[in-house]
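Down below are the structures I want you to see.
Consider the two complexes below, in which chain A is the common component and chain B and chain C are the respective partners.
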Partner chain A sequence: MEYPKEQIEDLKGYCSKVRAAKEGEITYLYLEDLRLPAGCTPEVCDGLLCPVARDGYPSRLFLSVQVSPPYPRNWNVSNARIGEKNWYVFSWRVNLVSPTLVQMLVAHLTGFTKEK
Partner chain B sequence: MNTSEIDIFEFSQRGEEVPHAPAYRVRIDGETVTVDTPRPTGELLLGKVGKRPCAFELIEEFVHDKNDVVEPGEEVDLRRRGLKGFITAHKEIVTIFINDQPYQIERGERTVAEILGKVGQTPDGYVLLEEKKGPPMPLPANLPVKIHGCEIFFSQPQSGGSS
Partner chain C sequence: MSVAIRMTGGLHREMTSDLARPHPFAAERAGFVSGRMSSLSHESRLVLLTRYHSIPDDQYVDDRTVGARIGAEAITWAMQAAYYGRPAREGIFHVHMHPFTGRTGMSGVDRRELPRLMPGFQSVGRDAAHGIIILSLDHGAGWVWLPGSKEPVAASTVSVIGKPLGVFERGGRQVSRERFSRQSFLGRDSEERIARCTVGVAGLGGGGSHIIQQLAHIGFQRYVIYDGDVVEESNLNRLVGARSMDVPAETPKLHIARMMIYGLQPNANVRGFAGRWQDNPEPLRECQIVFGCVDSYQGRHELEVTCRRYLMHYIDIGMDVHGEAPPVIGGQVILSSPVSLCMRCMGFLTEAKLAEEAARYGGAGARPQVVWPNGVLASTAVGLAVDIVTGWTGQALPYAYLVYDGNKGTVKESVTLRHLNIPACPHFSESDVGDPVLVEL
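Showing the complex of A and B:
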């Protein structure tokens, strides 16, 4: 699946580089040096945005490390192997209808900034 | 020094009237800048030293220790006798921008709830995002937000939750 080029361009504001990473039927977006919200440790890590449904979620944001955020999160996937790399993801459901890629990314990052 | 430029400080010290000139040399916080109009606005002068009225105020200094605050849109007469220069001061009540609209708030550490409250919203239903060194990023509701003035925020409805 291909994503709109202008939406991929917009993602570059949040990271140093974006590239598509196809694995199986899914085309992920690899976000190198993704900036994380204030209060997160580390402040930057790699991200892998899955813009389509997976694991029962409409979209997912995988991270290269298990981030320590301002609010504790339920990290329900650890060491998921995608693209020859291990990834972590916390349980977070984005409920936007037809979001752009940036809206989707920001909605996932918002998961670090609120209690529930 | 360019002879077409008039140094208003020198004229103030001599107590002389400042003549018309193509440009005027003006001291702001001890830094000398050049202004090419005799009637600049306060905002223009602040901008000469990289400051903005959302965080700083401009104060004109006269000989004999008289000081006056200059509003951002107010024109200053650089040829006024006795005007020796300007200083700036960080405001205590500064302006921030939320969803492209200006709001006044006290400088220092503020809560997300306080900032969202300016637009009648709460962290229960809305996320606060700050545009700083890049596109808007969500701010944690449980951490203080440092306000210096001129910060740019956006709010958006909560778009997800833990499951």
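Showing the complex of A and C:
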């Protein structure tokens, strides 16, 4: 699976490096040093964006650590194993129609900053 | 530092059938095989062979002083393959076959000639392992030049993950004939085959404890086992080996499993981890067969993915009780082998099941469990494993999906297999073998 080059370039505004990681039928985007919204601890961690449907969600953003956000979140998959690494993800559904990769990422990160 | 080499049964067949073909003038054939290096525990390495490259007849040099001499064109091709294999750290291995049975090794000519290829391979594929593999009709040996090393490491094992399983070791292994006299129908060398195989068990509860007990009785000697729980009151209805006193003592299930194994196999090599396999994944890669005794679909999916990556047979068991008037006991035993049909192909793992589980936030909850279905499922799973190792049934099918009906007391092949029309697994490909490759964008 290939993603538009300009969309990949846009993602680099949010992290230090973007790499593709294929596992099974899905090509994930590994976002190194992803900057998290204000109020999150830590402020930076690695992210793994799954831009296609998985686990019943249209897209998912996995994180290398269980982040402490300003508001409590449902971490419904603690320790998902993808690409031989353990990842964390909270329940957050992005229902945008045909979002760009950056729109998708921002919508997932927004999940940290909303009270509900 | 030790190095193990592993390949699928299909790749082994492809290599041996090509290498056995007569050449117009050379006394034997040679070939190249690509291999990816992965890490094991204790700084050991695992080389996963992926693709065989036959050498065309016209790329041999007519030299009657050696069995086979390949020309510059073949060597150039191999160096190019090493170059293009850099992103996946894929190296090149020279392979040929000695046409006899039994242990094999490098001849004087092999020792003199073949290592000369390695500096060239290393110069273009610096981060990969390269080497030499020599097969006999029923054995194999390998030598691996790790990145930056001028001297090879002799492979501790060369494994063929097929049916039957082949685990070729450098050293011999003595097994008591008398002890296994009643299971001699499994094959002439079945005890040795069983003793050489490394088995992994993830989850040592109701299903896993049965599996451990039977593996130890059968004669398995090498174990990698995982469970982070301790014995609780509610486990005593089904946890084989647990005693009442283990509840107040909070005995780890890992300890129960160890005692079961050592009681039957005092010389067994048991590597146990009081936690999830995901938190200590490298030892699991040393297995040739992995049993998944986990509660969740996600857990099953993750075990299958890692078994595909590191070329291991995966056997899954699970049971469920649902309904009320009367309750219905169901269960499954699934064999998923590298390259062959996976749990998605067989219709067991579906997006809908994974999504439903994720919507429940992953928790399986305290589901009904009882001892005898676990026993049936575990026995069936161990039967599949023994068939993989010994090949005693002569059935070559590399996958299985068996469905247990606990109310009728039957185990039957899943009806979904009858309607399958999938020639090859579309869910995993060769690019999924070995450590993940990250491609910078």
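Keep this in mind: the second predicted complex is superposed on the first by the 116 of 116 C-alpha atoms of A that agree within 3 Å, B and C clash if a C-alpha of one lies under 4 Å from a C-alpha of the other, contacts with A are read in each partner's own complex, and residues count from 1 in each chain.
In this section, a contact is a pair of C-beta atoms (placed from the backbone, for glycine too) under 8 Å apart; a residue touches a chain by one contact, two chains touch by 3 or more.
Just so it is clear, the structure is predicted and the values come from calculations on it, not from any experiment.
Engineer: Could you tell me whether chain B and chain C fit or clash when both sit on chain A in the superposition?
Structural biologist: With chain A aligned, chain B clears chain C, so fit.
Engineer: Contact-wise, after the overlay, does A:Asn74 reach chain B, chain C, both or neither (first, second, both, neither)?
Structural biologist: In the superposition, A:Asn74 contacts both chain B and chain C.
Engineer: Counting only touches as set out at the top, which of chain B and chain C does A:Ile8 meet: first, second, both, neither?
Structural biologist: In the superposition, A:Ile8 contacts chain C only.
Engineer: With both complexes overlaid on chain A, does A:Leu61 touch chain B (first), chain C (second), both or neither?
Structural biologist: Neither partner.
Engineer: At the Cα centre of chain A, what angle separates the centres of chain B and chain C, to the nearest 10 degrees?
Structural biologist: 150
Engineer: Report for A:Lys114: first if it touches chain B alone, second if chain C alone, otherwise both or neither.
Structural biologist: Touch status of A:Lys114: first partner only.
Engineer: Considering only touches as defined above, state whether A:Glu25 meets chain B (first), chain C (second), both or neither.
Structural biologist: After superposing on A, A:Glu25 lies in contact with chain C but is clear of chain B.
Engineer: Look at A:Cys50 in the shared chain and tell me whether it touches chain B only, chain C only, both, or neither; answer first, second, both or neither.
Structural biologist: In the superposition, A:Cys50 contacts neither chain B nor chain C.
Engineer: Of the two partner chains, chain B (first) and chain C (second), which one does A:Ser91 touch, if any: first, second, both, or neither?
Structural biologist: Both partners.
Engineer: Given the touch rule stated above, what does A:Lys17 touch, chain B (first), chain C (second), both, or neither?
Structural biologist: In the superposed model, A:Lys17 contacts chain C only, not chain B.
Engineer: For A:Gly83, using the defined touch cut-off, is the partner it touches chain B, chain C, both, or neither? Pick first, second, both or neither.
Structural biologist: second
Engineer: Looking at the superposed set of three chains, what is the minimum CA distance between chain B and chain C in Å?
Structural biologist: Nearest C-alpha atoms of the two chains are 8 Å apart.
Engineer: Which residues form the common part of the chain A surface touched by chain B and by chain C?
Structural biologist: 57, 74, 91
Engineer: For a test of understanding, state which residues of chain B touch chain A in their complex under the given definition.
Structural biologist: By the definition above, chain B touches chain A via 123, 127, 129, 134-143, 158-163.
Engineer: Using the touch rule from the top, collect the residues of chain A that touch chain C in their complex.
Structural biologist: Against chain C, the touching part of chain A is residues 3, 5, 8, 17-25, 29-30, 53-57, 74, 76-81, 83-84, 86, 91.
Engineer: Please name which positions on chain C make contact with chain A in the complex.
Structural biologist: On the chain C side, the touching residues are 276, 278-279, 281, 298, 302, 305-306, 309, 351-352, 354-359, 361-362, 426-428, 431-432, 435-441.
Engineer: Please output the residues of chain A touching chain B within their complex, sorted ascending.
Structural biologist: 10, 13-14, 35, 37-39, 57, 69-71, 73-74, 90-96, 99, 102-103, 106-116
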